Amino acid sequence: MAGSFFKGRFLSLFDYKTEKYIVAKNRKVGLLYRLTQLTILGYIIGWVFLSKKCYQETDEAIQSSVMTKLKGVSVTNTSESGLLLWGPEDYVIPPQGEAVLFIVTNFIETPNQTLGYWIMTGQCLKKDENSNGTCEIYAWCPIERKYKPQEPLLTNAENFTIYIKNFIQFHKFGFSKSNVLEKTDNSYLKKCRYDEVLHPYCPIFRLGDITKRAGYNFQDMATFGGSIGIMIRWDCDLDKSSYCHPQYHFTRLDVSDSKKTIASGFNFRHTRYFKNAAGESYRSLIKVYGVRFHIMVHGKAGKFNIIPTAISIGSGLALMGAGAFFCDMVLLYLMKNGGSYREKKFEKAEITQDNTQEDEECSD
Amino acid sequence: MAGSFFKGRFLSLFDYKTEKYIVAKNRKVGLLYRLTQLTILGYIIGWVFLSKKCYQETDEAIQSSVMTKLKGVSVTNTSESGLLLWGPEDYVIPPQGEAVLFIVTNFIETPNQTLGYWIMTGQCLKKDENSNGTCEIYAWCPIERKYKPQEPLLTNAENFTIYIKNFIQFHKFGFSKSNVLEKTDNSYLKKCRYDEVLHPYCPIFRLGDITKRAGYNFQDMATFGGSIGIMIRWDCDLDKSSYCHPQYHFTRLDVSDSKKTIASGFNFRHTRYFKNAAGESYRSLIKVYGVRFHIMVHGKAGKFNIIPTAISIGSGLALMGAGAFFCDMVLLYLMKNGGSYREKKFEKAEITQDNTQEDEECSD
Amino acid sequence: MAGSFFKGRFLSLFDYKTEKYIVAKNRKVGLLYRLTQLTILGYIIGWVFLSKKCYQETDEAIQSSVMTKLKGVSVTNTSESGLLLWGPEDYVIPPQGEAVLFIVTNFIETPNQTLGYWIMTGQCLKKDENSNGTCEIYAWCPIERKYKPQEPLLTNAENFTIYIKNFIQFHKFGFSKSNVLEKTDNSYLKKCRYDEVLHPYCPIFRLGDITKRAGYNFQDMATFGGSIGIMIRWDCDLDKSSYCHPQYHFTRLDVSDSKKTIASGFNFRHTRYFKNAAGESYRSLIKVYGVRFHIMVHGKAGKFNIIPTAISIGSGLALMGAGAFFCDMVLLYLMKNGGSYREKKFEKAEITQDNTQEDEECSD
């Protein structure tokens, strides 16, 4: 007897239980519900899946390595420094090919500075505006002349080219790629110049083109200096196996939208130290203006994954439930014969009197 | 006939179907269910929406560009180097205004080193601890003297100021901003100093204040060197159009919480090469101690988006379903008259005998 | 009367309403449904919770600070430069211990260059390949000799060691840690070398070991230069309080998978400026080949949080709903006696004639 009881219990596990529905022949609410369903379905398929690709797991933690190399020479002629030839070894600071690099376009050299006590005459009156006017100061003299640059000295800096090598990796998917595409050969790299339309994957950029694409004139920036961001964007869809190409964007970084130039311009000073035959130090102080390029790499990769797909479908279905709840409210409380539907929908469970009373007593 | 059949079929599409419910007049479970609903609703509104802002799409991939400029001078007087004047061109390494920069606060100069074979006497006995004691080595001599610095030589380095220009961008929302707020003018920038309360948006920081906010004394760090992280946090709510301001935090990076100083201190050596009249090289070896500042920018921006809102609402509703399931269990299996409710809730579908048998046969 | 009416209304709020189910004694569909439930449950527990840890809130915006220090010396002997001793102050560029650093392994020095007009003879015929052959050019002469390096000059560069200090922080959880573990002492740090198995937490690496782990021979890379990525991965489970250790990975960055060497090699030029007794400038141009190390830190931390847990459970439950819908379809439309089940499941709400007509009129 007991065996057959448990067998019955076990078999009843495989009885299929399905919710009982009330069919309300109310076409207004029926239409409303179908519209709600269609809207949610359209949203899930169109927006969540096709547009936002919510069926993909994404990796936004892109790892990136950037190397740069400049080419081009320029000649300057100033009274202090004479005729000078500038190669990449001089105008790129620092010279070791980093992702943040500064290109000298203008400079003021103060050669042969020596450190000593100087009786205050003429230029040496005040070292800086915070010091009081004293008769003698200990300073590097001659001090740097006050000079508002009118135009860049390295006139053809806009023709310099920058070769950007960028290597990226998406750790989550074990995917890596370089912006120097594998099909490119050395002869192409020797003569190509980046162009959005004609050569979108050429990794060599003319400086003047970069500033033009950022919306500024190179010569204007070159006088007082400035800062340009070169954004390399990788938007990789790893489901389409080969779709992972770099896109380049250029922005000026030191000027805000409102064109107030409070933070614009870029310059700094560096020195070269020498010693004379007697072993005494002297130096050249060089104030350089120029364009600072900051190569920023960002991007994300997406690949089909069951979890985000399930979450998206799940929450879409839950929204359908919300739609049904909304239509129920309309049917039961806004329709004229809602009361009748309420009676049908909510069936009173008439439990035998004894049990109910027992229950009532407990609940008191 | 067929036409009217399909018409009926089509029209039945717009019959509204709604789940049939059993009303159980059991106040314990009813109260339990209402409480569950209220809890879930409170959690969704209070925590998910108000506190965690789950109705927003977020962009955590902040793009940032940092430029720095130091101001201040210091004078040192040592037997090897004599009286020296240190300006930003000397004490900032590298000088080009990067986000990771080193401020010299202490140094040991070994001037006039020449490269040659040296008979081992005194200091030159062992180049480094791995070499065996030989009579002659090829080395730069005189070698650097062993010296444990007692106090920083650049005594007023804590009064130097650092001007930090930070430009950020959230690509997903096309939003960009600078920490030099647009309303600030040049005269304000000339005299302001960052202060958490009085000048929270002044981008100029006194070095001594930075270390103090990180919980350390500048003079202590200056002797052996150290490393300070300047975190700029951007927590932008783009729904409130203007709410996007930088917040600054300061941490010491080379000392762990347990105060073991195993990884603390910071120094490195660099050189200046000279040639004498005969064209022979000699150099100054300069070991510098100092504070390394690492400006790290992080942050996120949030903006209302229908997808995270739908996901949050959907999963909240699904939780309501879980609540109903839990209350069902209580009602059907824990209440005294659960059996009666079970009978009511699960209506046996009595299918006509013929079909059932057919079905049974198929399932065998 | 009215009071008792509202009291009834209020009390009915606490009536518990539960969906009415139809029990279909169809074991095929019942089994199908149970299987679906088990699959979804298994997926939620096994994959979502145990494997992917979807119950955790994650912080992927790791903040990191890296400091490096090289040790080791090498001697070179060339006709141009004579016998030279290379210490870290010479072969590490830049010297200040950054996360991106270049180690000189090979070099071509062109000493005593002077700037002037040079009658074109021999080597000075063409400055670079883009210039036409003129009789006189203004250039630094003697120009750099064309030279294809055969082997690295700093022969024991592979024995140099690099000490990497990495400090990380997860802002969201207020968690910070260093890769120099707190239990390590100074004597261990003086002699340990990183080894994946024996010393996985020793932060000191032999350069030759790094390239070997990246799959390349150091001497091969040293001749023309190259680029190596040192990835430090932090995968922190903050629920297990102490589980947060660094893992090191090494990749070559300048060679793509297809072994085409188009982007491989790494070199740049830098200069040292001198002045002779007459104050005239001359310089040494040094073209350096070497290995560029890029230390990249990435990682994420996860910690239990109720929101992702709720979202995961919620969407799992919604998937159960989808399973029930699928089984319904099977029962109602694929089973032979589906029609009978349909009639049972969908109960027609027979509303009193008057109301229905009213409703019909409205809907026209």
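Quick notes
Each chain gets a letter, A, B and C, in the order it is written, and its residues are counted from 1.
What we mean here is this: contacts are C-beta pairs under 8 Å (C-beta built on N, C-alpha and C of every residue); 3 or more make two chains touch, one makes a residue touch a chain.
The chain lineup, named per UniProt: A, B, C = P2X purinoceptor.
The shown structure was predicted, so the numbers you read here are calculated from the model rather than taken from an experiment.
Rounded to a multiple of 5, the Cα-based rotation taking subunit A (P2X purinoceptor) onto subunit C (P2X purinoceptor) is 120 degrees.
Residue numbering shows that subunit B (P2X purinoceptor) and subunit C (P2X purinoceptor) use the same positions for less than half of their mutual interface. The centroid of the Cα atoms in subunit B (P2X purinoceptor) and the matching centroid in subunit C (P2X purinoceptor) are 15 Å apart.
Annotation for subunit B (P2X purinoceptor): residues 17, 19-27, 60, 94, 274, 277, 311, 314-315, 317-318, 321, 341, 344-347 touch two or more other chains.
Looking at the complex, you find that subunit A (P2X purinoceptor) touches subunit C (P2X purinoceptor) at residues 11, 13-28, 60-61, 63-65, 67, 69, 73, 75, 83-85, 87-90, 94-99, 112, 165, 167, 169, 171, 176-178, 180, 182, 184-186, 189, 272, 274, 276-277, 306-307, 310-311, 313-315, 317-318, 321, 335-337, 340-341, 344-347. Note for the complex: subunit C (P2X purinoceptor) touches subunit A (P2X purinoceptor) at residues 17, 19-27, 29-34, 43, 47-48, 52, 54, 60, 93-94, 100, 102, 115, 127-128, 138-140, 227, 229, 231, 233, 251, 253-254, 256-258, 260, 262-263, 266, 268-271, 273-275, 277, 279, 285, 292, 294, 296, 298, 300, 311-312, 314-319, 321-322, 324, 327-328, 331, 341, 344-349, 351-352, 355-356, 358-359, 362-363.
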